[in-house]
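Quick one: this structure, given as structure tokens, is what I'll be asking you about.
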């Protein structure tokens, strides 16, 4: 593997509180040196990093890669390619595939497909319950042994409080978090968007914020009861933020994530029955969006996760009630985060990198999230000022379901290294 | 205009043998006002007012499929039974004849008058259909680019017939 | 003289101007007379092909549209969801494209999903008329209710209309709210809080919690149908209790300070939301509503036909 030197970039490494212009030398898949005037070894590829940011590769704890089951919308290979194009070097794949990733063999399949794709690292998340049916615990120990980094029934809530309690208790044995999709299905039943003025006008059945908050509160109470680590997926309401804040003040093992669409968009986006604005949890009100932003600033919400949810283009081309939830997010997350959080001054770039790389690595105990010398070279080089227009046809993902198509984002990946390999290089064309 | 209307009224009475069984139907818009005035004149001479009606031919126009924005539809109100009556269609200007064609079609959907006459204030020539007026107030010669505007006191605060010369086609 | 168009589609009243709504109501006036003629037919839409695409069963609305279409001499085809390829899993967009490939001019759509009419209108060139989409809007019902109110009160500005019952699930309520507010009427909604949509007061309506309050306040009551499913879904305990607490009864009306005009979009559940003696009483305009429905729909068809699909070529000069 040819050594690679990035010269004169702004190197941001939240794991070491480092932020300054420096060179980064990658040799044999590892970070060899970070500092001023690093001499390139012979035959090294030298990249001019002036005006660019070199940071630990982004890590997304929440993606849906549809393999096995719906390979026409995304595969582990195309998902991993979309990830590196978006600056992600590691992603965690949710288990709601067909069949469900609820056993050792299924977890092993994801690991093998990830290695074969050789793009971003794809870590499997195992199911909490067999078949995600919410009844019987899946074999956490076997799945962790095969490479699972967390458990979740995401896509569905864990309805039974008893199951959630046992999952939190049992997961402690393996030191893994239990990630929950917080939704009280009896309250959200039949809902397709946020319950509020817009749903009233459009005549669509709403999902009240309380449907999420009830489960957030329950999970926090169970985290306290069990001492387990609960990770709250895609938080969307101001009430949830308040609950998390109080839980953290108490010192409970509660972590939380928010998606770019929940800090960028509001329920007004559903006007005109735009199915690209249909997600679960739904886009909420401006006050909720602002609360999510503040929570990302003060750390009540620890990380940003994309909830990358590919759907075939014609699946969204239908009545709002019948369209599937979710959007692709890996290739727009960084540009949205810089546009919505960094440019308006809510987060500094180092804070953003912490929320998108260092913190996610810590929460799921993954390698990466650092440019420490000797660490595997999972690295992203991006232009924080690049303004670019989102084009559906340019996505590396197999799917194009994004509400951000046509919008201008700020900040774009130039180069992504995984284990020192060049996994994505925009200068090599294709874009 | 008053003299012309008086003459037209007399002619109607003469050709229809009095006001008995006579229905004057004004074509929306200005034909309606002209019909009302002629009806008053007939009543003065005959001592008995003729039946009055108004007809909007918009929905029978032969160019509805082709034109863009919809023309305003005005009220249609005809006496309940036209069978056996003598109907006089009253309009302000006779030009292509298409309005009268539409009116004749519309009458057919209301019954079977004994006889239908056409009475216009101005005949400006330029027919596109084989239709002629029975009673004419005045005749003017106007080219395709010209416009004949009839104003009536009730709507326009003045009685007038204006020939507006346009550019020759 | 020509009038402004309504645009290509009629999806709802929310996005129409007061002027456009007024135009439809004014145009409906002369169309009332057409239905009184010995031959109830005018050739205005001769040669136009209209598909009535009903994904939800509806006798009343479909018949009303069909009469309106036939009285304008349009050629009509009825497509019901059952018995067509729709029931074989064909998507709405495919159904629409297939119809369009047969060169139709207009589609009247009734669908159980909110937004279906707009979805269709955005994807085909034919005119689309919403005959009720989910819980969103039922614009021609709103218009005929307004026409009926205007017939009686002469003007809508300042009129107090209370919409009573299951507003949450009602497209009729939404169309009435938008239309009446735009023309200057005051609107209140009255029903159990479980059947009022979240934030409805932000639309500009007053919320009256009890039917007695609505009766004291209003000039007219528009009483919505209560679907029996609402009880099963837990929104109300029983139809009996609904009638006892929220039903419009002659006893309650007797205590009103004035005679209230009674509207109901039908079909009625006699003895639930409305008692028979009210429905059949002297102030009920439920049947005139049905009559006006045909006139309003003729007006909408006539006005929308002005925006001809772009494969219709040729242009004729206007006479005079």
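First chain written, first letter: the chains are A, B and C, and each begins at residue 1.
To be clear about the criterion, a residue touches a chain if its C-beta (ideal position, glycine included) is under 8 Å from a C-beta of that chain, and two chains touch if they have at least 3 such contacts.
Every value quoted in this text rests on a predicted model; they were computed, and no experiment measured them.
S.K.: What chain lies farthest away from subunit B once each centre is taken as the mean of the Cα atoms?
M.R.: Centroid comparison gives A as the farthest chain from subunit B.
S.K.: Taking each chain's centre as the average of its Cα atoms, which chain lies closest to the overall Cα centroid?
M.R.: Chain nearest the centroid of all protein C-alpha atoms: C.
S.K.: I'd like to verify one number: the distance from the centre of subunit A to the centre of subunit C, where each centre is the average of its C-alpha atoms, in whole angstrom.
M.R.: Distance between chain centres: 46 Å.
S.K.: With chain centres taken as the means of their Cα atoms, state the distance from subunit B to subunit C in Å.
M.R.: Each chain reduced to its C-alpha mean, subunit B and subunit C end up 38 Å apart.
S.K.: Determine the centre-to-centre distance between subunit A and subunit B, using the mean Cα coordinates as centres, and give it in whole Å.
M.R.: 77
S.K.: Would you please write down the residue numbers of subunit B that are in contact with two or more other chains?
M.R.: Expected reply: no residues.
S.K.: Can you list the subunit C residues touching subunit B in their complex?
M.R.: For this pair, the touching residues of subunit C are 1-5, 27, 29-31, 33-34, 37-39, 41-48, 72, 302-303, 305-308, 312, 314-320.
S.K.: What part of subunit B is in contact with subunit C in the complex they form?
M.R.: 56, 58-61, 63-77, 93, 95-96, 98-99, 105-106, 109-111
S.K.: Looking at the complex, which residues from subunit C come into contact with subunit A?
M.R.: 14, 91-93, 111-116, 118-119, 133-137, 171, 174, 197-200, 202-203
S.K.: Okay, in this complex, where on subunit A does subunit C touch?
M.R.: It is residues 195-197, 199-206, 208, 272-273, 314, 317-322 of subunit A that touch subunit C.
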